[in-house]
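To keep things simple, chains are lettered A, B, C, D, E and F as they appear, and every chain counts its residues starting from 1.
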Amino acid sequence: MIYITRRERFSAAHKLYKEEWSAERNEAVFGNCSNPNWHGHNYELFVTVKGQVNPETGFVIDLKLMKAIINEAVILKLDHRNINVDVDFMQGKMASTEVIAIEIFNVLKPLFEQENVCLHSVKLHETENNSVEYFGN
Amino acid sequence: MIYITRRERFSAAHKLYKEEWSAERNEAVFGNCSNPNWHGHNYELFVTVKGQVNPETGFVIDLKLMKAIINEAVILKLDHRNINVDVDFMQGKMASTEVIAIEIFNVLKPLFEQENVCLHSVKLHETENNSVEYFGN
Amino acid sequence: MIYITRRERFSAAHKLYKEEWSAERNEAVFGNCSNPNWHGHNYELFVTVKGQVNPETGFVIDLKLMKAIINEAVILKLDHRNINVDVDFMQGKMASTEVIAIEIFNVLKPLFEQENVCLHSVKLHETENNSVEYFGN
Amino acid sequence: MIYITRRERFSAAHKLYKEEWSAERNEAVFGNCSNPNWHGHNYELFVTVKGQVNPETGFVIDLKLMKAIINEAVILKLDHRNINVDVDFMQGKMASTEVIAIEIFNVLKPLFEQENVCLHSVKLHETENNSVEYFGN
Amino acid sequence: MIYITRRERFSAAHKLYKEEWSAERNEAVFGNCSNPNWHGHNYELFVTVKGQVNPETGFVIDLKLMKAIINEAVILKLDHRNINVDVDFMQGKMASTEVIAIEIFNVLKPLFEQENVCLHSVKLHETENNSVEYFGN
Amino acid sequence: MIYITRRERFSAAHKLYKEEWSAERNEAVFGNCSNPNWHGHNYELFVTVKGQVNPETGFVIDLKLMKAIINEAVILKLDHRNINVDVDFMQGKMASTEVIAIEIFNVLKPLFEQENVCLHSVKLHETENNSVEYFGN
């Protein structure tokens, strides 16, 4: 068993707020992350899959395929988008780093299973100081 | 003469578009940067001043003061904000990296002159691959 | 269960030596790390906690709180300090990266428990090439 | 138990290809990685060992010794070399990042056992976007 | 006048040697860089152009165009290639970082002139420790 | 004319203080940088020289020689040292980043002149956020 990690990046807008809360309560809980006019980040995404090395190719999975899966299912939907507004798999969800990472994991897991590799984790950096990692349970 | 550089960071939303243009023309010129729902970045700002070393302190300028000037005049206005909507010195201007850097330079220049140091340049990274630098003329 | 990591930094002096050893033996075992006049590092600290996502906020823990806990209990005591001399939780201990990481873990563990999250690991970089990670047992 | 990681780097040429395949099939499977005239990378290697802290020194293992083991057994053989042609432990193997990491692990494991520490993992970055990690089984 | 920098990357093989010298003299002058079986690097290229900001777009040059120019004229020829063997603009030249940077500058200068911006400099990192910068004279 | 930059690193202790000032005044001017028990940094040093490319070697200067000059004259004296106490060329001087950079420049300039290359600048990073650059006048 060996672990392969691919880094991808996306630049997106978001805010942290609950529609059913007042502006004051959103501000009290989420601080400047609740700015109604949005803010944004350069997100850095690390997707890790695991599997056996194919003795013929030396690969667990072709990195070109791994990159294509992540880009089509995740990056194209998030990059230069508004996470709260534009992204199908984030509708009705809090756009926290934790929730984005979990939803990316849920999107990617079946796609890698089709390629006979196991999605191990999704790590998401919101800034150089803040990151989350999700292993699927 | 010696040059001192301070790095600061801000996370902000923006878009590239002209109100007087159609959505189609904005899309044709600015691509996905014109997404009407905004996107955003972790901007990395490098401010460089130059001056003589004070022989008593070994400083050109106290970095705590330099940091305070940049934070009060620039970072507080941009961080967790929408550059097109929320920032006084960007009103009515294109929110391209070039223009943001020029406007930051114009805001900071007189503030450093009051401290008897000369603002040399403002470098602004929008992503790890794209940056601009402005020297004031 | 999801994992959240916060990076903080501190700049500190230290040396590796044992009082009860001769200068020669300290030099033989610890090399230039035993310089009696001290040396120092920009330490980079990664604190990881784990927990369930609060469905209301999308958070495991508010990162502002996480940052405040780490800063008050660890960074304020270490930053711009001498680790061997100035730091209460390092008194009488070897100031190796291993021991510093273990002691930081021991300081932080009960503080995060009070916030109902579990401290997962403390990773400490002494230089860009050397780091340690401690998981509490 | 605590984990120590040492980063080392090497610059090497390689290609992905199978002698018994035609140029066309190599190109179809391995793309531009199969260029017959080679290409190359600055590989970044992270070796992690684990063990108990020696209470006398505060060390799991002296990092100078850890560095010397990795350099003598791995870096000297790979740095400024052709991985397919020049490296004894890669003879007859695919020079994929996965296989290189596995072989480095197999070379290092007994050497660290002689020093009474356990090799935990070998992580190898081929580019800033692609990496693998191997834990030995 | 403002300066725009675009970072691109390429992974390539090369060696430093002179055909007309003996293996011994190549080894004496170029050390392990002269390995006849090649070695390689992840090169990091920073291309800087300068010009006036177009008041309508806020751009000196559209970064998508800048990226396309660099990729078509430089990256496609160098990435996953052997610099000594495969690259037209390096034929008969020493594949030192200095010479590669100068030749990239010479290739790009007229292409940017056609777009009415001035190529200011080409910076090329061979490793994280070694880089060169060329300004065209 | 082309510019070559070599990065080196050193880890050192220092403090900012004036012997002839009271502890209170040192604290007022230099803040926690004046801690009498010292603190320290991982300094990152970028030395840039400029010259013509030797058409025979493709080099301005052999980077192995450049590295040896910097290491012997600067790094060996600073690394794992106390800048205020242990370093001959810093005796009686303020250990600010500005002054350290100027003194390194003054040490290196004649050594590179002996090799017929011109020292262009010394850039010194004290932390990831603070750096200075000195060009010799």
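Structural remarks
The rule we apply is simple: contacts are C-beta pairs under 8 Å (C-beta built on N, C-alpha and C of every residue); 3 or more make two chains touch, one makes a residue touch a chain.
Bear in mind that the values here come from a model prediction, so they are computed numbers and not experimental data.
Common neighbours of chain B and chain D under the contact definition above: A, E.
With rounding to the nearest 5, the Cα superposition of chain B on chain F corresponds to a rotation angle of 120 degrees. Annotation: C-F is the more contact-rich of the chain pairs A-D and C-F, by number of C-beta pairs in contact. Chain geometry summary: the mean Cα position of chain D and that of chain E are 28 Å apart. For this pair, chain A with chain F, the centres built from the Cα atoms lie 42 Å apart. Separating the CA-averaged centres of chain D and chain F is a span of 34 Å. For chain A, residues that reach two or more other chains under the stated contact definition are 128.
Remark: the chains found to touch one another pair up as A-B, A-C, A-D, B-E, B-F, C-D, C-F, D-E, E-F.
Listing the residues of chain B that touch chain A in their complex gives 9, 11-14, 32-33, 35, 37-42, 79-82, 85-86, 127-128.
Chain contact summary for the complex, chain C toward chain A: residues 1-8, 53, 56-60, 63-64.
Interface residues of chain F facing chain B in the complex, by the touch rule stated above, are 16, 18, 29-31, 93-96, 98-99, 101-102, 128-135, 137.
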